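Worksheet: one structure, shown below.
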Amino acid sequence: MLAPYLLSLPGGLWLVVLFLVPLIVMLSLSLQRCNPGTGACVMTWHWAEFSQQVSLYHAQFLNSFYFAGAATLIDLVVSFPIAYWIAFHGGNKKNFFLLMLLVPFFVSFVIRTIVWEFILSDHGVFLGTLKNAHLLPQSFHVLATGYAVIAGLAYNYLPFTALPLYVAIERIDKRVLDAAYDLYAARRSAFAKVILPLTVPGLFAAFLLTFIPALGDYVNQQVLGGTGDTMIGSVIQDQFLTQLDYAGGSALSAVLLAIALIGIFAYARLLGSRTIEEYL
Amino acid sequence: MTERNSSEPNESAIDPSIWRGLTQPRLSRRQLLSSAGAGAGALGLAGILSACGVKGVTATSGKVKPGSAGSASWWAKQKPTKTVNFANWPYYIDVLKGKHLSLEHLAATTGITVNYTEPINNNIPFYAKIRPSLAAKQSTGYDIIVMTNNSPALGYLIDFGWLTPLDQAAMTNFYKYAGPLVKNPAWDPGNKHTMAWQSGWTAIGYNSSVIKNPGTSVGILFDRKYAGKVGMMSDPQELGSVGLLAIGVEPATSTESDWAKAAKKLNQQKSDGIVRAYYDQDYITHLKNGDTVVSQAWSGDIFQADLNSKYRDLHLLIPSEGGMFWTDNMCIPMYSQNPRSAMTVMDYFYQPQIEAVVEYYNDYVCPVPDAKQVLLHPTGWAKTALKEMYPEIQLATSVTADAPTVFPTQQYVKNSRSYYQYKSQEELTAWNNLFVPITQGA
Amino acid sequence: MSAAIGTVTEQAAIRQARQRRPASKRWTRFLLPAYSWLIIAYLVLPIAVMIMYSFNKVTSGLQQVSFAWNGFTTQWYQQWSNVPGLTSAFWLSIRLAVASTLLATVIGTLLALALVRYRPPRFRGKTFVEQVIFLNIAAPEIVLGASLLGLFVTISMVRGFATLLLAHVAFSIAYVAITVRARLAGFDRSLEEAAHDLYANAWTTFRKITLPLIMPGVLAGALMAFAISIDDFVTSNFVSGNSTPFPVWVYGATRIGIPPQVFVFGSAIFSFGILCAIASIVVSRRKA
């Protein structure tokens, strides 16, 4: 009788205390005024904090949207063929291929990003050789531009896109494809008219599951980017750890979370509330 | 770094009324509502949200009450202990294949083992890490920490009474050997709380193979010739100060309108695409691999880079407008477990013999001028230690001794500029509001 | 006659349909696999570079990673403990990952069991739990880290190993739960019922029947929890306080220059992870 509640008690309690409660605290901190030196925060119901922070840093929000969006689109395009191939033609080696997709996670993401900084460096292995062969001008550089940030984000978040896509494509009943062929469908139209529409919910899920985490990323930009690329995650981190402005940082964090929630609810409205959870 | 009048050394520079206003609770909406008899439902959420407050700290007057930590009677009761936990910045002490010769000698002569760690990469984030323990009146786990004078963090620590006042009687080596630049400094008159570890300049580093004629002005950082290849520092104190130098203003005596003009110049520099990026300590990596050809730089880093044949082209330029002179200071946080031994360790480093060995590795500005003689004519333990380190450093000790960036000449002292001392939290906030968006800006 | 013509056209149609299929082999045999392997190579590239440069010599001066190839050496593997701060950061991360994995796996598995077996109205609040899990995974990590720091600051809890552990378990539970839940989907309850019929009590049933059967899924969840704990930077950076986990140390070191030992440790963690993953595949193959 009590079984489900007892089983879910430890997990539920941990998540409530260390996930939901901090979110409420974050909302509360947003409304306070904090003193960087003493660390004192006083509740002043400062609702204007949200609009103040957003107006100060709206450019960084836009940067985050742009970089995360571009990286996610790239990831979607890049992951779809591989997800399709593993799902339809992976056979009994599916687990192995999925594992290969997850392999980068075994190395710290800071190290991965640093190595990308090296690979993309102005006179490094890749660009240096091209420059020596006079295929590129000497002043050409990828690092310290927005492109490097997008490349880094796309790399680090690829598994976040590929795995939900794989789940989505794997669910498609292969017999549907056979039926299409039986009805004289050419390969291209079978793909475009049968497979693709069936993967649309999966595409949206993969988009959300990549875009939202990438929105809050800042390490890629700090290691690979230059001036004018700052993402909102960088500002939040700076406020919490360097400026010691807990109120401002919490307000920005709350706005970021609100954006994420809007995306999720939009998905739920359009495509049904339960489906996105199935793609995890 | 907070301003102090020499006549009233104990007055807190940050007005107590400011602290009071910021730390005492105001009448919250909850209290208003409850007195007006508002509905319980509205109180519920309001109650939850307003229950989350963060206790803060009020500034002390700076006076040391007799019997309290740091007073003479308190120091008399402190016993020596066997261990000292020393937190410092990275690459700031002599190291040879993972060993620290100066610390080994310390253990041999005094029996104190130093647990030396390098957790400090940035003043304020480190301050943020130790503040909770200090506010809770608990040990931070460190007995000696090193804070820079140009950072608000040192000011906060002093103002809130979170640094143990030093035992002046135990500072024999210090008072005998400390140089004029670090004795009785502006940010800590009478060396009540700090003893300098090293000093340095924030000036300009440039690649001489690319820039043949750097000139003598700080304007080289703003030169369009090097657009996209200029490195600037992300620290708002460093960035703002160089901006002030660039518009011909002395940072120490600047006003808020000067700051606005400096910010305008820096914003212009950014929008003109001159800056490649705003760096922390990693500016040196980018100078080394050619991403930047000229950058704001710390004197010791350039010196160390120069030692490596691959980076011999990197040179330091202290512009005619001046180089910002900063000092990293050893201090003892409150509630330390080993204060007596910490004093011994701090004073130990003021022996010329010891500083010579440390300086041979560090190449920053030495707080002990007599170490120069030791480097020129090493004797005793220093001679053995320097000889042991030679294969790794590959530099004659006389080079270190003669370097004006290590033992400053009059000319270099003349070119040194001090940072601005904030008189209140508001001033600091105003400064940061001008310069932080430049580095964090999109 | 119409019947004959019908048969002929029918057979021609079948032949045509069959002929259409082989054309697809160009895609499935060559292009798609080649593309997929290319992507996998791209994913693995930085790791290969890291492993390669852990064997790189360093020119004189500071012992930092040099990105030019200077020659092969195994000295960094021999001197792996030469950077004291790094070594202690590494062990801290290992201890943290092990502790966090143990806790998160147990808690997450229990949660997964609850989610798979029971439905509303028997399990009221199931939807809520699922949504919380989803939100935990989908939310940007910086929000998780910043909110946890806000909580610890508010209750004046000193940040250190304890806060790190609390945070790591908090974000691992959801991943373990969904991984185990996915593997539990095909679990056959009739085996448990049979055990019950044979007078086994709930604990014995769990220990002797359920647990061995779900073990592959639980191991997969544990592996997931270990990987995300040892890899985590953003949340750890916020709540680590005085302690320094491995990724936080590395990030701090990038500001000055990374010692080659970083790559040694990175390669070690990577190899360990690969071994575990291969082991888990082998184990699950045997059980299948």
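Lettered A, B and C in written order, each chain numbered from 1.
Just so we're on the same page, a contact is a pair of C-beta atoms (placed from the backbone, for glycine too) under 8 Å apart; a residue touches a chain by one contact, two chains touch by 3 or more.
Keep in mind that what you see is a predicted model, and the values were worked out from it rather than measured.
Visitor: Identify the chain whose mean C-alpha position lies nearest to the mean of all protein C-alpha atoms shown.
Guide: A
Visitor: Report which of A-C and B-C is connected by more C-beta pairs in contact.
Guide: Higher contact count goes to A-C.
Visitor: Could you work out how far the Cα centre of chain A sits from that of chain B, in whole Å?
Guide: 37
Visitor: Quick check: how many Å separate the C-alpha centres of chain A and chain C?
Guide: From the centre of chain A to the centre of chain C is 16 Å.
Visitor: Roughly how far is chain B from chain C, centre to centre by C-alpha average, rounded to an integer in Å?
Guide: It comes to 41 Å between the two C-alpha centres.
Visitor: Provide the list of chain C residues touching at least two other chains, using ranges where the numbers run on.
Guide: Correct list: 67, 153-154, 254.
Visitor: Which residues does chain B have that touch at least 2 chains other than itself?
Guide: As it turns out, chain B has residues touching two or more other chains at 52-55, 132, 135, 289.
Visitor: Which parts of chain A, given as residue numbers and ranges, touch two or more other chains?
Guide: Chain A, residues with two or more chain partners: 25, 28-29, 39, 121, 241, 246.
Visitor: Tell me, which parts of chain A touch chain C in their complex?
Guide: Chain A reaches chain C through residues 3-5, 7-8, 10-12, 14-16, 18-23, 25-26, 28-29, 39, 78-79, 81-82, 84-86, 88-89, 95-97, 99-112, 114-116, 118-119, 121, 124, 155, 158-159, 181-182, 184, 186-187, 208-209, 212-213, 215-219, 223, 233, 236-237, 240-241, 246, 249-250, 253, 256-257, 260-261, 264, 276-277, 280.
Visitor: For a test of understanding, state which residues of chain C touch chain A in their complex under the given definition.
Guide: 13, 17, 20-21, 23-24, 27-28, 32-33, 35-36, 39-40, 42-47, 49-50, 67, 106-108, 110-111, 113-115, 117-118, 122-123, 125-126, 129-144, 146-151, 153-154, 166-167, 169-170, 173-174, 177-178, 227-228, 230-231, 233-234, 237-238, 246-247, 250-251, 254, 258, 262-263, 266, 269-270, 272-274, 277, 281, 284
Visitor: Quick one: which bits of chain A touch chain B in the complex? Just the residue numbers, please.
Guide: 24-25, 27-29, 31-45, 56-57, 59-60, 62-63, 121-123, 139, 141, 143-144, 225-230, 234-235, 238, 241-244, 246
Visitor: How about chain B: which of its residues touch chain C in the complex?
Guide: Going by the criterion above, the answer is residues 52-55, 90-91, 97-98, 117-119, 121, 129-130, 132-133, 135-136, 138, 140-141, 280-282, 284-285, 289, 304, 307-310, 392, 394.
Visitor: In the complex, go through chain B and note every residue touching chain A.
Guide: 14, 19, 22-26, 28-29, 48-59, 122, 124-125, 128, 131-132, 135, 152, 155-156, 159-160, 228, 270, 275-278, 289-291, 425, 428-429, 432, 436-437, 440-442
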